[in-house]
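Next up: some structures, all given as C-alpha cells.
Note that chain A is present in both complexes that follow, paired respectively with chain B and with chain C.
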Partner chain A sequence: MRLIPVVAASVVASTAAYGLALAADVTLELVEPITEYKIYVAENTEELVKDTEEFVAAIKAGDVEKAKSLFAPTRTSYEAVEPIAELFSDLDVSIDARADDYEQGEKDPKFTGFHRIEYVLWEQNTTDGLGEYADQLQADVTDLNDRINSLTFPPEVVVGGAAALMEEVAATKISGEEDRYSRTDLWDFQANFDGSEKIFELLKPIVSEQDPDFVAKVQANFDQVDETLAKYKTDHGFESYEKLTDSDRALLASRVNTLAEDLSTLRGKLGLD
Partner chain B sequence: MTTFKPSRPKHHPRGASRRQVLVGFGTGAVALAGGRALAGSEGDEQVAVAPKGNADQLQRQSFYGIHQAGITTARPAAGLVTAFDLIVQSPDDLETMLRLLTERISFLMHGGETPTADPKLPPPDSGILGPVIEPDNLTITVSFGASLFEGRPWLAPLKPRQLVRMTQFPNDALDRDICHGDLAIQFNANLQDTNIHALRDIVKNLSQFMVLRWSQEGSVPVAAPMEDGREPTARNFLGFHDGSANPNSTDTALMNEIVWVGPHNDEPEWAHGGTYQAVRIIRNFVERWDRTPLREQEEIFGRAKATGAPLGAGPGATEYDTPDYASDPDGAITPLDAHIRLANPRTRASEENLILRRAFNYSNGVASSGQLDQGLLFIAYQADLEKGFIAVQNRLNGEPLEEYIKPVGGGYFYALPGVRDPGDYLGRSLVEAVRRRATSPS
Partner chain C sequence: MPDQDPTSTSSAWLLRAGVAGAALLAIAGGAAFYFASQGRQAPQGGQDATVAVTARACEPNELTVPAGKRSFEILNQSDRPVEWEILDGVMVVAERENIAPGFRQTLSARLSPGDYEMTCGLLSNPRGVLHVTHSDEAAEAAATPTLRKLLGPLSEYKFYLIRQSGAMVDQAEALAAAIKAGDLAKARALYEPARVPYKHIEPAVFRFSDLENAIDPVADYLAKREEDPAFTGYHRIEYGLFAENSLDGLDAVADKLVADVTTLKDRLRQLKLSPAFLTENPGAMADQLAQGRIMAGEDHYAHTDLTDLEANLDGIDRIVELLNPVLEPAAPELAAKVSAQREAVRAALDGLRGADGFPPYDTVDEASRKALTEAFENLAAALNQIPDAIGLG
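Moving on to the complex of A and B:
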C-alpha cells in the first residue's frame, strides 16, 4: 500500500508526457484504476515468484508428478498480467515462448521457460536436464517482478491491455496450441480472461457513464465466458483442453473475438491515443 | 485482344468520367480486358504503382430480389466460400444476426464511402479498398447448413427436408477442418480483394454470432471467344472446359425448374425462393495429370481438350455440341465411364438430375507430399439435392477420373430466399416461421 502515492504521481506525470490534452479530466479519473491495477499486477508477480520457487524445487527434487501438478497453477499469475509482462519482451521470450517461435522447434537451445519445461515433463516424462532451465525461469520471474515494481504504468498499455489479452487468446490460444504438451490451456484461458476482466472492472465506473450499453454487452460476454469455463472446473483446477467441446470452443471463440473487438475501443472511449 | 487504356491513367476514374468509360466498352472488351491482366501495358510505370482498375469495378449486382444474387448471376473471376459456426441461442439471436448480416451485405454490394470514426478508435472499415468501395460485381450469398437446424430444437422442425450433413462418397477423403458449417457465405466479385474486404467486414461486425470454420478462395480464368463469336466456358485446373453442359442460367423458366425451390417442391414454405448448395473442395493431382497421355485425358473426360467438343463430334465442333450417345451405345467413341457421360447421360430420365454448376479453381500452395495443392472449388445449385448433386456424384463413383482427384472438403447448405426490398431481411421467412410455431398450440 505504500506504493500508491508514488504510482499515482507517476501516472499523472506520464499522461502529461503523452500529451493527452483533451483527456485531462479522464486521465485524472484513471489515476485510481491504474493504481489499483498496479497493485493487482504486483500481487500477481509476487505470487509468480513464490509459486515458481515451489515449481523449481519440485523439478530439482526430480519429482515429475509434483512438477506437473504445479505447472499450470504457477503460470496463471503470469498469464493474468501478460499485457504488462510483455512490455519486457526479452523476459517474455525467455519465460513463455513456444517451440514454434523457433525454426528448429524443440531442438532449439534458445527454447526455454515454461514451455521447455512443459515439453520435457510431459513428452519425456522426466525432470532430467531441466535444472538449468528451472534456474533460468526463477531468475527471469524474479527479474520481471523487480522490473514491474519500478515501472510507471503507461495508461494506454493498461487500458489497451484488456483487449490485448483477448487478442492473445483469439490469435494463438483458443486453438489449444499454448499448452500443447500438458493440455492445461483452460487454466491459461481463465487467467487471461480474469486479467482482462480486472482491467475492465476497474474502468467500468468511468465508461458506464458515457456508454452503459457497451458496458452491459462486454459484461454479458465476460459472464458467458466464465459460465462456459466453469463447466470444466475440477477440484484442483481445470479439465484437459481435449474435453472442451466443439460448441463450447466456438462459443468461447465468438466471445473472445467480440471482447477483443469491443475492448479495442476502450482506449478511444477514454480519450487515450 | 482489345486493350483498355483509362482516360486518366494516374487516377481511378470518378463520377461522370467513369460512366463515360463504362459506356465506351463493349461487354466483350470489358470481359477480356479484365482488371489486373493489363497492369503492365503502360510500360513506364513505377513498380510501386497499383494496378489500374477498370469499368468492371463499377458493375453492380442488385441485392434485392425474390432470389439471392450470386446463384444464376453471371460468374465473375474471383470466388470465395467461407463457412462459419453460429452462436445463435434463440430466435431473437437469429433475427438480430440476420438483420445485421443483411445490413452489411446491402452496403457491401452497393458500395460507397466507408464510414469514419474518431481517430482514437479503430476504423470501422478495414480500408483495404480505400475510402470508397466500388461494387465490383460483388455478390454475397448466404446459406445454412444442417447443423444449424439440428442443434436447435426450435429450428429443427423447419429444416429443409433434404438438408443433411455431407456424407463421404467412396473416393472422398474428407478433412474435418474444411467440412460443413452452420452457415456458408459465397462471395463472388471481379477482384478477389473485393471478396476479402467483404469477408473481413462481416467477420468484424458479426463476431458475436459467427465463428470462422473454413474458407476457400478460387478463381476463374479468362477465355478468348470462339471462332463463331460465342463465349466459351472457363477451363479447370486439369485444362478442360468446365460447365459446357450447364443449363442456361438466363432462362427463368428453366431455373425455376432446376434451381429454385418453389411450391412444387416438398419443402417448408419459408424455403421457397431458395436453393440447395453443394460445395466440394476437390483436390486435383495436377502433376500426375500432366504426365497422362492426351488421348487418355480426353477419354477420361469425354471431350477434346483443345476445344471442349464431345469426342468424335467432327471438325468444327465445339463444347456446346451435344454428344450423341445413342449412336455409341458401347462407348466406342465416348467411353461409358467418361466423366461427362456418367455425369449427364443425356437421357430423358437424367434431365431431372440437372444442376447449375458455378465452380472456381483453387491453388493452395504445396501439399505435405511436396506436390501442388490445386483443385476445384465446386459449387452446384439445385432445387432437389438428392436428384441433383447427390445422384450425379453417385453415378460418378468409380469413374477413371478418380485417379486424379480427391474431394477433401465442403458441405451441403441451403441458400436462403432473396431479400425483396430494403424493408426485408435475409431469412425473414424462416424467423417468422419459428415465431409462428412458438405461438401456435402444439
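Moving on to the complex of A and C:
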C-alpha cells in the first residue's frame, strides 16, 4: 500500500489557485474530527458485518420476503461510509458494482455483491443460486471491516468525503439507477446524506470560526433535504423510489448539487488542497 | 488523492438534471459558466497527460509522468458513463467518477515514484499502466516533514488510544466481576490480560500522574510497601491474587480500578495530541523501561513482567509505524536504525519465550535482564532522535 506515503507527500500546497481569501493553513484541530470520523466509519462497518450475517441467513434459509426486507437496511451502513470504503477498489467492485460495469451486464458471473443479490431477489423472485454470492458478500464486508480498522485515514479523503457523497448522489441516485430492481434508492439517499452530514458536523466547529455564513447555508440545505426525505419515511424505512414526486426530485437535485458545490470548498478552507 | 477542483465537477449532473444547472448558475456565478461550457470544449492545455477511454481500453494504455502533483485529462470516447481511477495495488490513489459519454474531465493527483494501474471503463477491459518516475521536486517535498503529513498519524494514534482504553475498561470490569464472584482462579487468569491494553497506551498515561499513581503504583516506592494505603490498582489486586491467595478486601480495590481506568479513558478521549506527543513518547517509554524497570520488575507476585514488556513494545511499535511514512523520507538512516533496534528488542524478548509462552520473571536471571535492558537502551537512543528529525514541536 503506497497510499499513505502518496498522501503524505502532499506538500505542494496549491493555494494560489484559490486566492488568498480561501487559502488556509492546516490546523491541528483536524485531529479530533478525523479521529471521530474513523470511529463513525468503524461503527458502521461493524454494523455492516452484523447486518450482512442476518441478510445472508435469510437468503440461505430461502426466505425471499425476509431477504428483500433486509436488503436496503443492510446496505445503508455501506452507503454512509463510501468515501472510505471506495478506497479499496477490489472490495468496492465485489460488494457494490452495478450490472452496467460489465459488458455482459447481469449475465456476467463476475457481477456480484449487493446488486447481484438484489437482481435475483426482485427480478427472479427467488434465493436460488444466491448462496455463493451471499457467502462472498459476507467475506467481503468482513475483509472491509478489517482493512478499515487498520487504515490511517487520509485527511483529504475525510474532508473531501462530504462532497464526494453528494456527487455520488447526483450521479447515480437522483436518476434512480443504483437500486433499479428494488427501487429502494431512498434508503441509499438518506445514508449518503447522513454520511456527508456527519463529516460536515465534525468539521463545523473549525469552519464556523472562519466562515459562519457558509456553515449556515450548508446546514439549511441539509435540513431541507432531510425534511424532503422525511415525507417518504414509512414505519420500516422508505417508500419506493417511484413515489418520489417530480417536484421533490427536482428540489433534491438542486440541493444536492448546491451541497456538492459548497462542500467541495471544504478542503481549500482547511488547507487540504 | 484526487483534487476536488471546483472547476471540474462531474459533468454528468448537467446531463441528468437540468434543474441542477439552473441552481449552479444561480449560486456559483462565474464558476457555473465554466461548468456549463466545459462539456465539449477543445482540449485545455497544461495537462501532464491526456487519456481517452474507449469502449475497450485506455488510449494510450501506458503513460509515464514524473513524480509530484500531476494533472490528467480524461476523455470518455465510449457510449457509457465511465469512472477513471489510478490504483496502487487495490488502493484507489485518485479517481474521477461518472464522466459522461463524449465529455472530458480533469483530475490531479500527487504521485510518488512507482508503477500504478489505470482503470479503463468496463471492469472487463484491460487496465492501463502508469509509470511515475523520480523527480527532484517530489523527492524534496517527500523529505520535508509537515504538519499536514502528521494529521493522519496523529488521528490514527488517537483512535488507537480510544480503542485500547475501551479494551482496558472492559478487561478491568471482567477482572472485577471475577473477584466479586469469588472466583480466585478466574481472577488470576484475567490479571495479566487486564494489564495488556494499559501497557499499550502507557506512554500516553504519563501525562496523568494522579491516575498513574492510583492505577499502577509498585509497593517498592511506597513507605509501608504492601501495607501502605496508597498501594492500590493493578498490583494491589495482583498481591491479593498471587501472594495472599485471597480475594479478601479486593472488591473495593477492583471497583476503584474500574473507576480510575474509566476516568483515564475519558481523559484520553479529550486529550489534544500534538506532533511532539507522537515524536517524544516512544523514546520516553523506552527510557523508562531501560532505566530500572526491567532490572527490578513490576509484577512481583504474578511474575508476568515479560508480557508487560511485550505490550509496551507493541505500544511503542504502533507509534513508530505511524511515524514511519514521515520519518523514512526525512531521515532514512535514522528510520533504518530505529527499525534495527526494534528488531533487536523483539528478538531479545522472543528469545526468552518458551513452549508455554513467557517464563515467570523470577526465573529470568540477571544476565538476561541486563541484555534486555541494553536492547531497550539502544532502542531509546535511536527513538530519542526522532523529535529533532521530524521537528514541528
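Assume the second predicted complex is superposed on the first by the 246 of 273 C-alpha atoms of A that agree within 3 Å, B and C clash if a C-alpha of one lies under 4 Å from a C-alpha of the other, contacts with A are read in each partner's own complex, and residues count from 1 in each chain.
In this text, a contact is a pair of C-beta atoms (placed from the backbone, for glycine too) under 8 Å apart; a residue touches a chain by one contact, two chains touch by 3 or more.
Just so it is clear, the structure is predicted and the values come from calculations on it, not from any experiment.
When both complexes are overlaid on chain A, the residue A:D100 reaches chain C alone and has no touch with chain B. After overlaying the two complexes on the shared chain, residue contacts for A:E168 are found with chain C alone; chain B is out of touch. In the superposed model, A:L130 lies in contact with neither chain B nor chain C. Greater residue coverage of chain A by touch, when chain B is weighed against chain C, goes to C.
Of the two partner chains placed around the shared chain by superposition, chain C is the only one that A:V31 touches, whereas chain B remains out of contact.
When both complexes are overlaid on chain A, the residue A:A72 reaches neither chain B nor chain C. In the overlay built on the shared chain, the residue A:S247 is in contact with chain B alone; chain C does not reach it.
Of the two partner chains placed around the shared chain by superposition, chain C is the only one that A:E156 touches, whereas chain B remains out of contact.
Looking at chain A, you'll find residues 250, 253-255, 257-258, 261, 264-265, 267-268, 271-273 touch chain B in one structure and chain C in the other. Residues of chain C touching chain A in their complex: 1-6, 9-10, 12-13, 16-17, 19-20, 22-24, 27-28, 31, 68-69, 80-81, 85, 87-93, 95, 97-98, 109-112, 114, 119, 122-124, 137-138, 141-142, 144, 146-149, 151-156, 158-159, 162, 272-275, 322, 325-326, 329. Residues 221, 246-247, 250-251, 253-255, 257-258, 261, 264-265, 267-269, 271-273 of chain A are the ones touching chain B in the complex.
In the complex of the two chains, the chain B residues touching chain A come out as 85, 87, 118, 120-122, 151, 204, 207-211. The touching residues of chain A, when paired with chain C in their complex, are 1-12, 14, 17, 26, 28, 30-32, 34-35, 38-39, 42, 86-93, 97, 100-104, 108, 110, 152-157, 160, 163-164, 167-168, 170-172, 174-175, 250, 253-258, 260-261, 264-265, 267-268, 271-273.
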